[in-house]
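Shared between the two complexes below is chain A, which has chain B as its partner in the first and chain C in the second.
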Partner chain A sequence: MLTYTLRRLLIAIPTLLFISFVIFMLLDLAPGDPLADQPLTIPPEVREKMRAALGLDQPAWVRYLLWLKQFFWTEPLHTFDVMFGTSFAEGGQRIISWQFRSPAMDVIWQRLPQTLWVVGLAYVVGVIIALPIGIISAYRQYSWFDQIGTFVSMIGFSVPTFFTGVVLIIVFAVNLHWFPSIYDTTLKVTDWESFWKQVRQMIMPVTVLALFNASQISRFMRASMLDNLGQDYVRTARAKGMSEKVVVLKHVLRNSLIPVVTVIALGIPTIFGGAIITEQVFKVNGLGQLLITAIYANDLPMVQTLTFIFAALTVLFNLIADILYGVLDPRIRYD
Partner chain B sequence: MTDMPASKVDAALKPPRNQWWDVWDQFKTHKGALVGLIIFSLILFGVTLGPFLWRIDPTYVDPNPVNMLKLRNQGPSFAHPFGTDQLGRDLLARLMAGGKVSIAVGMTAMLLSLLLGTLIGVLAGFFRRLDGILMSMTDLFLSLPLLPLLLLMVTLFREPLSQRFGTEAGIFMLIVVAIGVTSWMQTARIVRGEVLALKEREYVLAARSIGTPARRMVLRHILPNVMSPIMVSATLGIANAIITESALSFLGLGFPPDFPTWGRILFDAVDQMQLYPLRVILPGVAISLTVLSVNYIGDGLRDALDPRIRGR
Partner chain C sequence: MLDRAERGHRKLVEIKGLKMYFPITAGIFRSKVGDVKAVDDVSFDIYEGETLGLVGESGCGKSTCGRVILRLYDPTDGSIRIDGVELSDADSGTLRKLRPTMQMVFQDPQASLNPRMTVAAIIGEPLDEHSRLSKAEKLDRIYELMDAVGLNRNFANRYPHEFSGGQRQRIGIARALALNPKFIVCDEPIAALDVSIQAQVVNLLEDLQDRLGLTYLFISHDLSMVRHIADRVAVMYLGRIVELAPRDALYDRPMHPYTQALLSAVPEPDPEIETERKRIILTGDVPSPANPPKGCNFCTRCPKVMEICHNVNPPFRELEPGRFAACHLYEDTDTTAGKTAAQEELTSIQQGV
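Let's turn to the complex of A and B:
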């Protein structure tokens, strides 16, 4: 298991390098000049000098390596500095966002809490709803509960989140005035009143995302439970005279959670990047919204950094899911 | 032979039934799938033949400014059953035109992703030497953050492509290719698994023993037998592509404003949803109904094509 983990970690490095190279080249080959928004009155030779000052006259591979150095050396060192008050990263050139005129990572750290709160909470709520629904639907297969559950989960992943979000806004914000339609990120939770305000503005985005997540996870849970309920060991457990509760909630549930846990782990990176649309609908200024505005503003360093962070998280959680699968299920041994 | 009842003789003499009739029989028992098929056919019928019956140009704006201002933002009426939008364009005509584009994008992107997925899956499953590299490529694609990359591709390449091929054709191609290139991985994995299992069967051994070349082996013996998983992923692919296209349009990165798609109509209406909620609801319901019915068809197909369930 340890050698497998190590090997997977080693494979992850070239994967990440390849992805970073793809992202870098995609942006490099794309049309669009970083100096395009400078006034046309700048003489050509000055323009050339500005390009040289930005390092744009270097060949692509030099710029790629420099970017790698910025990303993997200067930025982590700077994070370390901030945490422990040291000054290792002194003088190192950080990745500067063009639209904010400040280091891209600083902006990302500012935006992270909103995303983690809204999208993370939605994921947790989604999982908490999905597991019992999946279990009951499988245990009472083809009952009315199962029929309704299947139908709702079908709707949950067929109706796009931008539509559910907009419908919720029309019903609860416009017509009923229960919740605000726009997420106020400047709100600071200091007392009960502001806490209640925060809860109210989080309800709708969390509901939309939780419904979407729950519909997918509950389908997996149901299928996995159904697979296990038909197994011989279930009959044996019943034949031994175990109570139905022990059979279902101990034997079957534990075994059928194995694939579901890996599915849940695989979904975690989407918490950071996948809620682009929901954040856009409710005007939550988290990471997804940051990416969209960076794309609109042609802010290449920010786009590169964000996409690469999303890619790194996806690779990491793929790895974690694979290893978890091996740890949880002793029948699976990677050689 | 003589004591066989006449009806049985008839049955024995009848030509053998095509297996697709069995599939259809099983499919019919899945109520949701049947309803889905009916609804999807109705939507398809509406968007393709509807414009011949409802002959208002979806991009027609009244040239007379006074008339245009009067025609804006109307509610449902006899002349405009779904009302008009912020420029006085007929919403019913726009919905039909938008549906045609959305469904065309969905179908084409699905075909492209199926083609890629089947090709890679069959190659990886059939030729042992290619397996390692193709499957690690699939894993690599699976670990990409797809929506951010899709957004990136669309923003970066929309200008040059729309200059070269014209706005509509260029963006259509771009969106179809972008969706196709980022959604083939599941199909490739499923097809590879099926091909690996089929390769061990005796009939493949028999075919190989009489010297069937690899190309004919794949086309005649392997591909027809992996049709069922391919068909299921085709339906799921349409649903996925329609949602992705409308999400792109919703983020303002899809088709240009004068070229309606369902996502674009919804996006245009969001600014005024407090005043005219109907304009948001209608395209949203159209997208949701289409995707829901396609997903139900996929569900029914999966059951119908599974020989373990069929005939039970």
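Let's turn to the complex of A and C:
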């Protein structure tokens, strides 16, 4: 298992380098000019100097190598400095976001908590709802519970979040005045009142995203349970005289969870990716919102850094899902 | 059968009029449109310590019959008594307490073992549920069972996929034996195994029967294997038992035309006899159990079919001591009884209409 993990991590290095190269070149080829929103009155030679100041006068491969150096050398050193009070990164150029005129990683660290709270909580809630629904739906296949569960998950699956989000805003914010329609990032939780305020503003975005996640995962859970309920070893367990609880929870559920757990693990990087649309609808300024504004502003270093972080997380959680499979299923061996 | 009764054998399993229909549903609302008559009015007894072979071609309801006897399905109708206890209407709680007496060895040794449990966990799980042994006693029992079926004790912590087919079937047998059952349904226990391994497993089953006084219902489509292991043999066709007789009598002198055809399909090892042998070739396919023919189930393919076969279902009755068959051919042996039975059947059909 350990050698397998190490080998996979080694393979991940060229994979990620290739991904970063592709992202960089795609962004470079994309139309758009980071100085496009500067006033047209700026003389051309000043404009050229501004371009040079952003490093845009260099050829693409030089800028790519510089980004690599900044991302893999200066930024980790800087983090190390902040953590241990050393000064290794002194004088090193960090990745600067063009729109914020400040280090991209600092902005990302500022935005991360909002995304993790809203999108992460929605994912956890979604999983917690989805698993029992999937289990009961499969165990009582074609019952009323299953029919309703199927119907609701089809809706959650097929109705886009920008629609459900707006519907919720109209019903609960505009008409009923129960929840605020805009997420207030500046709110600091200091006492019960502010905590309650935080809960109220999180309910709607979390509901929208949790519905979407839950419908996806409950379908997986149901299919996997149905697959295993019909297996011969379930009949064996019944013939042994095991109670129905043991049969379902020990024999069927444990075997059914193997694919579901990996699906859940594979979904985790999407939390960090933020929910671009839902964050926009509820004005949560998380990572998804950061990415979309960076794209609008032609903030290439920010887009490059964010996309690359998503790519790295995807590769990492792919590996974690594979390892989990090996841990959970004794038939799978990585030697 | 009579002489067995005289020898003081006790009926361990008594099946009367057992029916297992699976509903066929169709349409948006899954309304019931018919039944698959997997087991249709089957009656037989199994005596303590004997092996009853149950043979028949694929899809005739053998496995369903075995499973419904152990109440792994809920029977549509009929009575199942094992060791004097009526099972057909027992609820799941009562049934679970009765499981230790009756166990099953399944056909597919790969699929019937939970892939995520070790051998020790698989064999020991019934003990957790039905006994109050301490951990050490449980382990002793697991080792004892592994010894009994010829598995190396060192394999206790391995997973089923690490074993060969024959070894897996031994795990399945050890699992079935864990609670000292009296009655074991062997549902084609050797069908998924290599021929060389088949003999080992069958010998193991016979050996265990001698040592532990087990009673088997041995379901198989392998006629030669049934001849080897069974004391009596029941032949099934399309959900019904067509003939039930002591083994030698059945193999030497089959009475029902279907049994005759089935036995004639067994190849003869001697090539000279084989070339001259006249086989009874059945034409046509087995009718669908959802729509069995009127009258005798076998009337569509029977080489000796008569007029009456298409109208009246032949009763399953004792033709000679210990020999049962359901066929109109033998009605003249006991004309009056046959006629009344036929008439009863006829009236019951009319009543059904």
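One rule holds in what follows: the second predicted complex is superposed on the first by the 303 of 335 C-alpha atoms of A that agree within 3 Å, B and C clash if a C-alpha of one lies under 4 Å from a C-alpha of the other, contacts with A are read in each partner's own complex, and residues count from 1 in each chain.
Here is the rule we use: a residue touches a chain if its C-beta (ideal position, glycine included) is under 8 Å from a C-beta of that chain, and two chains touch if they have at least 3 such contacts.
It should be emphasised that the depicted structure is a prediction, and the values quoted were computed from it without experimental measurement.
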Fit or clash - chain C, chain B, common chain A: fit
Tell me the contact category for A:P113 with respect to chain B and chain C: first, second, both or neither. neither
First, second, both or neither for A:G55, with chain B first and chain C second: neither
By the touch definition at the top of the document, which applies to A:L26: first (chain B), second (chain C), both, or neither? first
For A:K240 in the superposed arrangement: first (chain B), second (chain C), both or neither? second
Touching partner for A:P132 - first (chain B), second (chain C), both, neither: neither
Draw lines from the C-alpha centre of chain A to the C-alpha centres of chain B and chain C: what angle do they form, to the nearest 10°? 70
With the two structures laid over each other on chain A, which partner does A:I169 touch: chain B (first), chain C (second), both, or neither? first
Return first, second, both or neither, reflecting whether A:P76 touches chain B, chain C, both chains, or no partner chain. neither
Return the chain, chain B or chain C, that is in touch with more residues of chain A. B
Just to be sure I read the superposition right, which of the two partners does A:T314 touch: chain B = first, chain C = second, or both, or neither? first
In whole Å, chain B and chain C in the superposition are separated at their closest C-alpha atoms by 5
Give me the intersection of chain A's contacts with chain B and its contacts with chain C, in residue numbers. none
Once bound in the complex, which stretches of chain C touch chain A? 30, 67, 70, 72, 92, 95-100, 103-104, 106, 108, 111-116, 125-126, 129-130, 159, 161, 172, 175, 179
Taking the touch rule as given, give the residues of chain A at its contact with chain C in the complex, in rising order. 142, 231-233, 235-244, 246, 251, 254-255, 328-331
Contact residues on chain A for chain B in the complex? 15, 18-19, 23, 26-27, 30-32, 151, 154-155, 157-160, 162-163, 166-167, 169-170, 174, 269, 273-274, 276-277, 280, 291-292, 295-296, 303, 306-307, 310-311, 313-315, 318
If we count contacts the way the header does, which residues on chain B are in touch with chain A in the complex? 32, 139-140, 142-145, 147-149, 151-153, 155-157, 159-160, 239, 243, 246-247, 250-251, 253, 266, 270, 273-274, 277, 280-281, 284, 287-288, 291-292, 295-296, 299
